[in-house]
Amino acid sequence: MSDEAMIVDRGYRTYDGPRSGVVGAVRSVAWHSMRSVLGIGRPARHKILPVMAVLIAYLPALVFVGIAVLLPVDLVGKGVIPSYADYTGFIGLVIVLFCGLVAPEVLVGDRRNGMFGLYLSTPLRRDTYLVAKILAVMATLMMVTLGPPLLLLIAYTFEGSGPGGVGNWLVLLVRIVASGVVISAVFAVVSLAAASLTDRRAFASVGVILVLLGSNVVMGALIVKAGVSSTLGVLDLLGMPFELVQRIYGQPGGFPKMSVLLVAGANAAWATLGGVVIWYRYRRLAINP
Amino acid sequence: MTGVVVPRRERHPVGVVATFVITYRVFLRQIVTRSRLVALGVLGGLVILVGWAVGVSGPTTKHPEPLTRGVDLTINLGLTVVVPVVALVFAAGVLGDAREDGTLVYLWLRPLRRWPLALGAYFSALTVIAPLTIIPVVVSAALIDNSSDLVVAALLASAVAVVGYTGLFVLLGTLLRRSIVWGLAYIIIWEDIASGLGRVAARLSIRGYAGSVLTDQTGVVVDSFDLSRSWGIIVPLVVAVVAVALTSLRLDRVDVA
Amino acid sequence: MMHAVTVIATRGLTVQFGAERALDELDVTIPSGVTGLVGANGAGKTTLMSIVLGLRPPTSGSIEVLGMDPRSQGHLIRAFVGYAPERNLLPGDMRAVDFVRHLSEVRGLPRDEARNRASDSLWLVGLGEERFRAIGSLSTGQRQRVKLAQAIAADPRLVLLDEPTDGLDPVQRDEMLALIRQINDEFGIDVVLSSHVLEEVERVCDSIVALDAGRLVASGPLQDLIAGDEGIEVELVDIADRPGSIDQVVAALSARGLSIARDGSVITVVGPDADAVADATRDAVADAGARLGRMSSRRRTLEDLFMEGS
Amino acid sequence: MVQAINVSKIFGDVVAVADVSFSIGPGVTALLGPNGAGKSTLFRMLCGLTPPSRGQVAILGSDARHDREVRGRIGLVGQEEGLFDRLSARRFVEIAAATHGMVDPARVAAEVLAEVEIDPDDPKPVGAYSKGMRQRVKVATGLVNDPDVLVLDEPLAGLDPVQRRRMITLFHRLGDEGRCVLVSSHVLDEVARIGSRVLVIAQGRLTAAGDYRALRNMMDDRPHRIRLLVDNPRALAARLIAGGTAMAVRVEGESVVADTLDVDRFGRSVAPLARDAGVRLREVVPLDDDLESVFRYLVERR
């Protein structure tokens, strides 16, 4: 011990370092929204549902890996186990549920608890705020759209039933990543658009799920049972992103008569429409001030 | 303190029937809002529209018979989406919203028995849910195949589902704060995914029983919906009764905001 | 700490909402220090704050905040301006420290810096012990402090506080006003606070801007605005063993030719010479054997200012 | 009529109410305390809306949470709960009357609404009412069953001074009729008018209970501090001490800060003392005599 006494001033200090600006603000809001929707840093009851949904999304992948390890037969090749392209569609309902959990939580909460007004008093504006929110939902959705196929790829590769050759392996990786990103982007914007319409989180969840599931069941019934032209499938908000995934893997899915361009166009159109709806809702949304 | 003698107003104990009638009317008034009716009415209209489209089109290769198409649509659209979701929105809201916005105290802190109060909540929800779901499901079934078998089956099956789901979700509203979100998770994870996986799971879902009523009545065979009609009707009824009883017990223990 | 002498300056600032003029040709200069923005509800206080933050463009006129124009440099201004909104609405299930840290990050601080400063500013507002609690479990007074902490955490040059004492009880209000004073005196942050309670503005502000229905009623240093001698105010206490002692004091002072205003047991004495008034009052009280409760020279108050302005 | 025995309420690790005991009978009692002191939680426990974590509450001898009969004899006017927003005031109060089993609920509703000065024939839904009107409608629902125990949480919030006065008159009338009226407030100057019996709660603990004037007098035993602005502070300070008017004095520039135990004597002697000493009094300001400081004293002394 030095015999000189010292008093450290714990008072207010100034900060003269760099400030990260709008990009940093977007990153921070997106990161914060993701954490909050997964219940990180919040009481345990907020963690149960998202964790459950994520687990259910990974469960089939784990089972398939287990089967592949135990049985020597190539079940994927024989079509018994869903392929990489089929996997997202296979867990489609979980993805719908996840959209219904994530989008309202990310968007509606801020309007009810005053965060939206506070955010606008920071370097963010309405547009940059919404970009942050879309990024947050996209990134969260990728946990269930991108994660499981990646897990399959890695596990199958180690187990020995992965794609042969580095080239094929890389192509497959690109396909997995591309389809994960695209499908998350479309679902993110569409779910946020549905969620932006109401101020109550619970009804936003109902809305997101009704829009995705309802359009899917209705279009399915019309095409399969009423024999309506399968082009009407462009109105299937759940089917179109999954169809696009199939096309990224270079194979037709449930809508073989549609051209790749039409499928891609339908997805782009829905994403654009969703963006327009969100912007329309938020353009004049009253805040205090 | 000087006690001034003041004539007190006349009163009599509130009977079971009066409790039911009062709570039924109050709750009914609270859950019916225009935006909910419009949004879910549109959903019902859509169901009828699909029924009409399927009805007017000729046989397709996959479904040659109108009866099987009708059964299929009633299960996939009616019993899987419309009935549970509409039931959830109104039933979970009856006591759940009253707890959230603090109006429950106006019925709770009164000399009323709990069980007719729970029953009033249940029937007020049922009053809204039944027409919003049963009518579209039955009409769309009739538009596909107007044989009495399918119409009666659709009526019975959707009624059974409404009775069961309403009971479950009224209870859910008193148990959890974010009851609608939990209810959605239950509908998708349990009723849709799990009950599609196998017979045992189907027997633990309302949809399994309602679906069995439909298949047993029409004679159309659908996987996992293989129970008899009487079981299909009795079990959801029992679920509703137990749920209302639990709701009434729960009301005794609830923290009123 | 040196700051620009002028924090906010407006010229001909006008905001039109449909047929209603929220702000009408406003020319104000807000200097360094604590400035009170006073006026009734709907006078245009919140509208002015939102224009300062660049959240709303003025219909006409110009405004400069920290030497920048909110219309083109809004995001820069908002990085250096802390803001605490009026509504007592905060995310209930976030911990106070996470809330403050997050908003500091959004205002541009690096992660470590934001974390440290969030803890520090919560300590400074007196929530050191409570910083890990969920905001929803805090009292109204503590939430007002959380709002203050998030406003100062990112080291702003200026903080805008909209009705910071709303909903507080007397003790909490005193503490809040002391904190606001401290923010300026010790941390060198300029403060603009809005309030409709004139008394607390008088207690804490260096200068004021008074608005009424969108128009400027008065602005300038508080001292200048409420200076002026308005006589002496004496509060006497009615005592049982000397009935009529108050009347006696009034009579004695009237006899000296001083002008008297009486409201119950409170007497206001005005005369040409302040010292003579003081002595006369003292003597009248002593002669009557009255009990003196309080005696003070009466200054102009903001209330007087508003009465004159409207 | 209303009793709390060692009542505590703990939310997680936050103690909202800590070991509170009291017993009150007919008449008006004011519950006083700052925001967040635990007043609302205490009221909710008394009425049975939430069980205490420890201890017991009783209204008319039993716990309203489990005694249907007792629930019929309570009127609660809470602070935060909403109303059935889409009903008219009359309909809303009528429902309250019906749930209490009152004979002719419509007439009862009209009577109690008149009592709080709301027009029973106003067709507007209560959702469109101002805060003050909503508050009065809530009070009306609390009166509908002729309650023996009436619990009102901040009933004066949102009312203007005239309405406050009328409401307080109503409380006193109800108290004189032999009912137990328990009213909370965080605004001090209301309390003296609400009731002479006071419970003070701070940080979840009961810090004072009893007659308001007795409490004031008890607090008058603490030293009072008075600041005097004068032209010759030393001369006045010496006189104040010499005559025993003040127990301690401090000279600060042009002012004298004096502590005294007897404000009455101080107030009577200060002017003659100053005159005799030839000292000019400019200001005499008690530093701790306003009600807010009384409140502060009660709340912060621990």
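Order of writing sets the chain letters: A, B, C and D. Residues in each chain are counted from 1.
Note that in this section contacts are C-beta pairs under 8 Å (C-beta built on N, C-alpha and C of every residue); 3 or more make two chains touch, one makes a residue touch a chain.
In this text the structure is predicted, and so the values were computed from the model without any measurement.
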Roughly how many whole angstrom separate the Cα centroids of chain B and chain C? 56
Chain centres from averaged Cα atoms put chain A and chain C apart, in whole Å, by 47
With chain centres taken as the means of their Cα atoms, state the distance from chain C to chain D in Å. 27
Graph shape for the chains shown, where an edge means the two chains touch. Line, ring, star, complete, or other? ring
Interchain contacts, given as pairs of chains that touch: A-B, A-C, B-D, C-D
Seen from chain C, its contact residues with chain D in the complex are 133, 137-142, 167-172, 237, 239, 275, 278-279, 281-283, 285-286, 289-297
So in the complex, which bits of chain B are touching chain A? 39, 43, 46, 50, 53-54, 56-58, 60, 62-63, 69, 72-73, 76-77, 80-81, 85, 88-89, 92, 178-182, 184-185, 188-189, 192-193
Quick one: in the complex, what on chain D touches chain C? 11-12, 14, 34-36, 186-188, 264, 267-268, 270-272, 274-275, 280-286, 289, 292, 295-296, 299-300
If you look only at chain B, which of its residues touch chain D in the complex? 1-4, 6, 8-14, 18-19, 22, 26, 29-30, 101-103, 105-113, 252, 255-257
Chain D - residues contacting chain B, complex: 25-27, 44, 47-50, 64, 66, 68-69, 71-72, 74, 76, 78, 80-84, 86-87, 95-96, 98-103, 108, 141, 145-146, 175-178
